[in-house]
Every structure is written in structure tokens, then in C-alpha cells.
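Here's the structure we're looking at; comments come further down.
Note that the chains are named A, B, C and D in the order they appear, and that numbering of residues resets to 1 at the start of each chain.
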């Protein structure tokens, strides 16, 4: 299904972001979510907390779905800002320094794939250090200093 | 998430400033037990979560990536020396963030940027930068929030949802409280929300005006037409019936004191700075009939402070490029996202900001190829991309410092509890870096 | 450290030294009558030596400046200059809205050592003091805005003058302010509703209080407290044709008030930028100068002083707490308008302003300013300012001096450069006065220091603060009256040979050689502490209801004012 | 006639800044001096020769007779012809920000596309771009309300957003399409667009002329159709076909004129 994506702050996502628990499942549950108009969900036979893959010109990511509190807004999907939303938003600033966080055309598919935790997502999408996915969890991975 | 009142505490610290959003509520009480914060009074949910904080992901020691790509604990000397050298040797460094640190730290950062020919930029670049451009083009009619509390009989929110993003904005400043000239608080005011979505703010407003996304410019233009007594041929503008707009402009025109707040819904949609531009001119025009002022809903507790400090020191509000030693500011050219999109920077340091949370994926991809430094309190998405991590302290909780509220009122934030032993304030870290860079420069000069 | 300034030609009006060739001795931070043999000699033979410059009205720190810089990047761009090679002073940026460091550099290079920030709202005083910490090399008193403060309005309305006195005493401590500033009394409060007041006796719509009542009450309080500076008044109706009558009434409305016996100054009221308040007529079409009447009043009365607010022909920025006037200007010019209303205290407005020598109104304003310079006979009553940046940026002071010292230059401007309104609608053409160096030293040093009540500066007597400026001008040889010399004169005054502050050389041969932290000068009234405490306990609930920050977070913390000079004032009680 | 040929030998991902590469600064310089001319790269200054091979043909006594021809991938070369006063620059590639910005005379030809800010605050001369331009072509810099005031910009393909913002004089001719907000805040000068124009053009226009030969979506409400004219004579030039003349923008009591071909 073709949709228009808006991103922005949501109170729950901000709660966990500010709390500083971004690696944990609670943050994933709050930020890796596409909030949809109920009518749109019905079109794809989606229930709350089902998973979708959302694809835009800039990338694709797997998210949970949930019913939007701010409906009605058929054809529009809201994703709280965060590492998941970032993947599909447009970097284009049109020489105005602000990337395009709102109004990004995208397509939605129902999926069974997993919604990744932050550490896994960052490793998979950006793969800066080529780490082993299995070792990445909801806890910081680092080496203690030998004393 | 309803929590029981905290009773088990042994100390109260009153009148603390919150370190979450641009509201900077300064009436917060911290409840301490054994010198640790166990509870918070008066703060909103998000503010409380930031103050009480989860310590599981707290950065406690400096970290440097080892050859296997794993972050490894190290000494401050090693981490600082490495950072200083990387920064000193880079050709196009970017220092980004600053929204959640003190003005004192920001001023140190400006010194470093000047010394190293870096680009100094903050979250304005992804939030209200476009609003600032509009202010620069057509004007800046603003007020402090107390003006709204005491005088406003009409409050308009456009493209912003403070009930979620700035939770106490309505209750503490604009809508619900008693004001000097508005003794009955909420009853004395008309609140109108313009938003494509039926937000929580729309839900507590007297009127919600739903308009089409990406047609902000047209909507405000039509409002200005109506204000000037021109008629509109169309029955509907930007998805809003013309009669509803006529009604709105009557309310605005007849206000005794009107306040307009706008958010990223205006400054990030199609037309960006020109949407705000139009909104400013609407407010300017309204002052012919009544008294109106406006304010952007600034996000972090000190984004505004960064803009002020940077203008004091360099003349420009954000995106300042020191590559030639003196400041240059060119929207779209010397601003972070554009530089990263163009793959120009060869050094990137984020200070109290998480680009992993904030930047588009395409933009982040350049951070894979260059040295990345993090100065922050918590492990976050950006830590997964950071080569060096310098653990810092929380302003307003563990460190004192100045911040500016969204309406530019300065507040001095207290230090209430001790920092983790091996963490240091942003100001300390940046001072150390500055000194090390000075030494490198002297070595080169000799 | 000890210095001897050898053989300079010294102008020190306070000590009646009028161009005498002599040595000046400096030990540490003061002027002394002799120094040891170790003293360093600076040969300034024949050069112009004056006390360090004192500016009593300029806008250099605080929210107005921040807004100005934020919304005028085109002005910042105009003043960009890369850092000096010596690595001491950094880059410069901004023309009418220089950055904080730039303000320090430019004033110091002009030989100024004390500059007053003329309008600070207490709510944002931290901001002003924080900015002062980024301005190097100056001593900076800040004037605190009271003319539209609600507590003040309430006390005036209810005639509770004792409470007002205690309130002012306390609020100066909270804002770390030096004196009382009144801007368009009641008008800026009326602006809270988009209105203004018309003249001295038009009551503010809600409070029912008039400008006259406010000015009188605050002047009484100022004299009771015995503050070193008098009230500093920006009168109602700024920039409106016909306003000279309001100004005249304002001059006269405090005449009966008795000056405190312990103060050094002569005046009980300082009226600032009088040029903007001296117009006759009913509109900008029939406007003409009203300076003569005001000059006449100033010449005949001793209870007031004024500064000029001279127009220079530049594209500058106007900024004032007189916000309704700025909206009027916006309606007039259509240029981008900034406004900031500050809860409970004041408002402020800004707008870019283009003063052109071809535009009749600009030229009239320019000429009115010069009329004051020419017409006020006693140079101790008038001070050189541009109300920087309102009439023009402060770097134009030397240019103004070049006009004042050369009738040839001025006549040439009148004949060839400026619009004929200068001659047709003002009396400027009737004067032939030329300022001497002694008079220049008075209107830029001795006078403003005395008016501010800063007795330790503005002169070079023994015990004075060692603030000295030396210019590369051979007083006996250089003819300032020649038109052909005016450009050279301006350049030499812009770039001092030496600027010495507190006995330290900050500028040498036009280059900044040392940077020091600026000093915050503020006034601390002693003797009302108990009354202040009682007052605060009483008003705190009201405060916390109508402000949006807590009283506890309101005042300027001590660490914002390092280093500072606290001027203790002993409250003498009711006489 | 003197021709200075610059051929790029090494590309830099960090933009090079070409402020000093102007006919008036180089026409009387020797080959060695030109090789040593400073260009800026990030926070470093480097001689031109690090990135370009320089050769000179011919002689001249006057900068007007001097042309600079630049070859190679110039998509990361900023400020070509910035503040140029005379002579000629030919860039045989796409170019980066600020080409011809603040120029007051001379002639620049770009054989490719230009990044944003092309011809910003231009006061004279001719800037010809054979490809497309991005945002803010011919407009003003931040905060300035006096944008392009003279000279001519010709773009053979398309223009991005906010073309000619705050334009007060001069001529712009876009042969292709144009994105949103063309001529916004315009108060003088003339824009001709041969292709299609996206919405909100002429917003808050006070004066000046916009001629549109392609299609437009719809106009802002502040414009009124004054009349329709066949083959109108606009600013001394005859246009063929039926044109509607609109005036506005009424939101600012503007007297701008927009001609749209029917």
C-alpha cells in the first residue's frame, strides 16, 4: 500500500529516549512503530503490533504497527523519530539545511521479519565495524579495561 | 505508567530547572535519598524520566575502538589526546550537537571551532533552522511566555503538538494558568490548533482546524488576504472551508492579546522557511488591529542558548564555518546535514546529541567513513558508530550551567548530585581538548 | 607595573589641564604623582593625551543585541575582518551589531575604557552579564529598566513610595544594575496591548498611571537612595514630530525635586538621545527642528544633562525598549521588524534603519543632533553618543568629532552633501562653533564620568583610575579645523596610539596587544536590607504567579559578574 | 586576448573555493604566480597547482581581455566567478555553490549544472548556465532584502526552489521548468520561464515582471487577471501567442505583473 510518511516526536518515544534506555526493548517498542489510521490497517489486514516492512526511495525497515491516536488521517503514517524512522526519510534539504522528515512517499508490506534492536539495526544498516550480530543485545557491548 | 507518590526520601531540592525541552520548567523539586535522585515533583513525564534516568546505559569511562571494532575502556589522557590529534589534523571537521549542554560548554566549543577551522552547528540545523531563516528574512516578533500567561485571550498552535512534545506548555505558561489579566485561566482564553492531525493539543483546544499537509504556505497566504479585507474565490483553501478561515481571522483580529506558537509541522514541510516567513508576516499584519506575537516551539532545553551564544560570539546563529578563521554562515552549505550529504567532513564530533536518533540514514552513512567522536552521558545509537567516546555529566543534575528557555530567558541550572566518578562535564572535556589542541599548534609552529 | 607617559599634550578638563605638555605617572592601576626609577617610559611627545573614553549610553549587551544579530546576518557579514596576525585579538564581525568580542576590540582601539549598557530588563540580566563576559577590555555599568515594571506601576499608582524605594534597591542587586533607566514610561506597558501613550500625561490604559508620575516617583527614589547616577530617561514620544513639547515638559517635571546631598553629579535627570526627542511639526512632511527650545532650557537650568544620539549616515539598526515606536517605524519603512515583549517588565523592538544624506528626514535628524552640540554652551551638560547603534554605530564617534572640530567640514557638508532640510528646517547653519580638544575631552570623558557618578575616572588627577588614551595626533601641528584633515583625524581617533586601562597597555599603535576581562560595575545600597527582606516575603507569591520563572531563579548569580566593581551606597534614611 | 587554461588533475571530496581565480586578479600574472595562487580547501590554503594544470595562451593588458577556461569535474569547486567584475570564465563541467554570485560584470559560461546560490546578489554581467541550477538562483543572501539587482542570468534547463527571491532588478531567463516559489518577495526585474512552473510563484511580489510560457498549476489567491492580450509587448519584447496578465500579490498590496501564456 502506498502511503505518505510523517515523522516527529511522540511522548512515549521521547520518554525512553530521554530516560536513556535506547538499547532496550522498551525503546524499540515505542519508536519502531508505524502509527496508522485504522482504515489503512484494515486494508492490509493488520492488527496492532503486527509487523510491516516500509520502503521508501532511501531505504527499508521493519516496524510494528499500531493504531494512531491522532486519526483520522488515511493514507498517512506517523513514525516517531529515531533510528528506524531515519532509514526511510529523505536527506534532501533543498539548500535549507533541514532534511525532509515529513511527507515522504513510501510503500507498506506486511511481514514476518523481526524488528531489530538499536544495536543490531545500527550494525546491519551501517556496518561500520563489521560486528557479529549475535553478540549485539540490549546491553552496551564494550571491553572493560584491564587493571 | 501511573506511579505512586514517592515517600521514601531524605532530602528535597526545590526550584531546579528541567533539562528536557525548551520549556525549561524551573519549579522542579528533586527528591533525594542517599544523595541519589529517587523522585521528581512537578515535572512532566518526559522531564522526570530524563532527571531520574536509567543508569544501565550510562557511559562511565572513556572508550576507544580497538582493532576488532569493539569499544574498549581507556584513560582520559589517551582518549583526549587521540581526539585532539584527529581534530587538529582534519581539514573539514564538524562539531555538532550542543542542544543539551550548558552555554559555558558551548562557548568552549566555539573556541575550539575557531582554533581548528571547524564547522559549529547545533540541532537548529534539523529543527528550527528554517524558522531562523524566516526570522532573518521578514522579522522576529516574539515575547516571553509570561506575556502569554498574563495577557493572552487567544492562543494559536500551528503545526505543533505541545501536549506531547512540551507537556507543560499549556498548563504552566499559556492556557490553563491564571494570568494577571486573565484571572479565570483557561476560561478566559480561546485556544485554536491548526494541524493536519487531530493531536492531543487539538483535543484540548476550543477549535481544531485541519489543513492539508504541505499546503501551509497557501493557508497562511489566504489568511493574510482575508485579514486585509480581500475576498477569496475558492470555497476551500488547503483543505479548509473558506468560511472557517474567515471565522478564524475574525477571532484573531478581535483578540486583545494573541499568541501564536508554531512547530516543526510548519518549518519542516514543503516550503519550509517560506511557510514560517508567511506566518511571521501574518503576525506582523495582525499587529495593525490587535497585539500579536509568536514563538517557535524549541525542542531541547538549550538549543536557544546555543543560537544566542553563537550569535554573541560569531554573529551567526548556527551552521558557522570557521574554515577561513572567521565565521561564515551559508544555509545549505555550511550546515551539518548538507555537509554530510555531500560527503565532505573528515571528522565529526557530536556533543550531547545523538545523530543516530536524529539524522537521515543517508546522511549517517558518511559517518562510517570518518572518525567519529561522542561526548555524551548515555550509550545510544550513535555510540554504535563512535570511534571515541568521552563520558560526560548531566547539566542541571550533576553539573551547573546556563541555559536559555525557548523565549530566551536565561536560567542557571543547579548541580544537585555528584557525577559518576570518572565522568567529566562537557565544559571540562572541551577545555581539556582546547588545551591539547593549543599544544599541538605550538608544536607545529615551532 | 609603573609607567611614565612622557611629554604628552594633556587634556584633563576636570583638573583644568587644557593642553599642557606634561608627564603622566602610573603605578599599578592608578595615576600617581611620582614613580620609581624602574618605571617604563613611553615617549608620547606632543601627542594628544586624554583620560580613557567614557560612553554613558550604548547598547552592547543583552537580549536586544542577540535578537538583532540573529535576525540581521546581512549586517554581520558587512563587518567581517579576519583575526590580527599577533594572535591576541580574534576576528571581527558585524557593523551595527558587532559580536561581543568585536565590541571590545573596537571600543578599546578608539581609546574608550568605560561603556554603559543602557537598557537591561532584570529578567534577562543574566544574559547581559554573560555577554559582558565575552566583551573584552571595558568597564561596564548596566542600567536597569524600570519605567514599565508592574511592581513600580503598582507602587506609583498606590503612592507607596517607600515600597518603591526598597523595591528599586533590591532589584538593582538582583539585576546587578548600576542605575535606573526609564524608557517611554507607561508606553511600553501599553504596547502589551498594541497601544502607546501620547505624551507625559496620557495614562496607561490599565494602570491609569502617567509618564510624569513614573518619572517623578523614580527621580524621588533615586535621590532618596543617593545612587551615583541620576535617573536616565528616554522620554515619551520618541521619533514623533511635535515631541519636543513632551521633552520640554519632561525636563521641567522634576525640577522641584531635591538632589541628594552626597552625590558628586550636578543633575537629577539625564535625558538620553535628545536628538530623537526634538522635533516640531505634526507629521514627517511638515517636521522641523525643535532643538532651539530644548537647548535654551538646558542652558538655563542645571538639574539636567543630556546626550545627543547623533545620526551618522549609515545603514544601522535601531533598538529600543520603546517597542511601540519601532512598530511605527515598521509601518513607515516596511523593513523587517523584530519585537520582544518581556513579561512584567518591558518590551523592546528593533528595525534596520537607513540614514541617508539625501533623505530629508535623516538629514533633519542629523542636523538636530548637531544643533545640540553647537547650542548647549556648557560642555559638561552634553555628551557625545549616537545611542549606538540607533543613530549610527559607535565607531562613528571619531567622525562626529571631526565634524565638531571643523566648521569648514560642516559647511561643506551643508553646501554639497546633505539634503537642504538641514539648512531650511533647522538652525544648524546659524552656528559657527568649533570644538576645542578640551571640549572634546569634556563631552567624551570628563562629562559622562561625572554624570554617571564615576568619580574615579574621566580625569587624570592623582588617585584616578589609570585609564588613559593617547592618539597619534601632534596637537600643536595638526589642524583639526581643516576639512582636508577630517578623514585623517577620524582614522587617528579610531586607532589609538595607546589605550591604557587600569595601568595596563591594551592597545599600542592601533593594535590590540592585551585582552582583559571586562569589569561589571553595579550599585549596592546598604542600609535597607531588612526592608528588602520584608518586601520580598510579601511580594514573592505575586511574583511567582505573574512571572514564569521562580523568584529563586531570578537574580543574577555572583559568578556571572566576575570581575566586578561593587559601588556601595549608604542609604542615609529619610531626611 | 589572454586565455588561462586550468585543467583539474586531482579531485577533492572537500570543496575547493575559487574566490581568487578571477580574470581581474590573474590577467597580469605569470604562469608561476598563477600556479601559486591560493585556493581554499576546507580549513587549509593550497596553491592552485596542487589541483590544476595551468597553461596560458596569448597576452592582454586589460582584465576585460582575459578569459579563464576551467576543465575537469568541477562539481566540488565553489565560488567560481564570485564577485567577478570583468573578463570571461568558462567552466566546462557542473559547478558547485555560488557561481557568479555577487558578480558585477563580465561573462560566465557553465557547460553543465550549477549548485545552489548561482548568481546570488548579482549586480551586473552575464551568467549563462547550459544545464540546470538548484535552489536560490539569483536571490539574496540570508537576511538581505535586496537581492539580484542587475545583469542577466540565462539557464538553459531547469531551476530549483526560490528562484530570484527578493530580486530587485536585472533579467533571468529559465528555458526549462521551475520549482516552487519562483520570484518570491520580488520587487523588481524580470523573469522569463519557458517551461512549467510549480506552485506559489510570485508570492508577496511587490513589483517586477514574470513571464511564463509553460504550464502553471494554480496561482496564489493574491493575483487577479487584469486582461488577456494576443502577442503582447513586454518590456520592449514581443511575445507570440495569447497571454493572461495577472497583477498582485494583493497580500502585500503588490503591483507585480505575471504574464502567463494560455
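The working rule: contacts are C-beta pairs under 8 Å (C-beta built on N, C-alpha and C of every residue); 3 or more make two chains touch, one makes a residue touch a chain.
Bear in mind that the values here come from a model prediction, so they are computed numbers and not experimental data.
Undergrad: Most central chain by CA mean?
TA: So the chain nearest the centre of the shown protein is B.
Undergrad: Need the CA-centroid distance for the pair chain C / chain D, whole Å please.
TA: 45
Undergrad: Could you give the separation in Å between the centres of chain A and chain D, each centre being the mean of its C-alpha atoms?
TA: Each chain's C-alpha centroid was found; their separation is 41 Å.
Undergrad: Mind checking the centre-to-centre distance between chain A and chain B? Centres are C-alpha means, answer in whole Å.
TA: That gives a centre separation of 22 Å.
Undergrad: Calculate how many whole Å lie between the centre of chain A and the centre of chain C, each centre taken as the average of the chain's C-alpha atoms.
TA: Using C-alpha averages as centres, the distance is 56 Å.
Undergrad: When you check chain C against every other chain, which residues touch at least two of them?
TA: If we look for residues of chain C contacting two or more partner chains, we find 71-73, 336.
Undergrad: By the touch rule stated above, which residues of chain A touch at least two different other chains?
TA: 94-96
Undergrad: If a residue has to touch 2 or more other chains to count, which residues of chain D qualify?
TA: Residue numbers touching two or more other chains: 116-117, 135-136, 141-143, 145.
Undergrad: Between the chains shown, work out who touches whom and classify the graph as line, ring, star, complete or other.
TA: Basically it's none of the tidy shapes, so other.
Undergrad: If you look only at chain C, which of its residues touch chain D in the complex?
TA: Touch residues, chain C against chain D: 71-75, 77, 335-336.
Undergrad: Using the touch definition from the top, list the residues of chain D that touch chain B in their complex.
TA: The contact residues of chain D facing chain B are 13-15, 40-44, 78, 97, 116-117, 135-136, 141-143, 145, 162, 166, 180-181, 184-185, 199-200, 203-204, 220-222, 250-251, 253.
Undergrad: Hey, which residues of chain A end up touching chain B in the complex?
TA: 4, 6, 8-11, 14-24, 58-59, 68-73, 76, 78, 81-83, 86-91, 93-103, 118-119, 121-123, 125-131, 139-145
Undergrad: For the complex, give me every residue of chain D touching chain A.
TA: Residue list for chain D touching chain A: 116-117, 134-136, 160-161.
Undergrad: Applying the document's contact rule, which stretches of chain D touch chain C when the two form their complex?
TA: Answer in residue numbers: 141-145.
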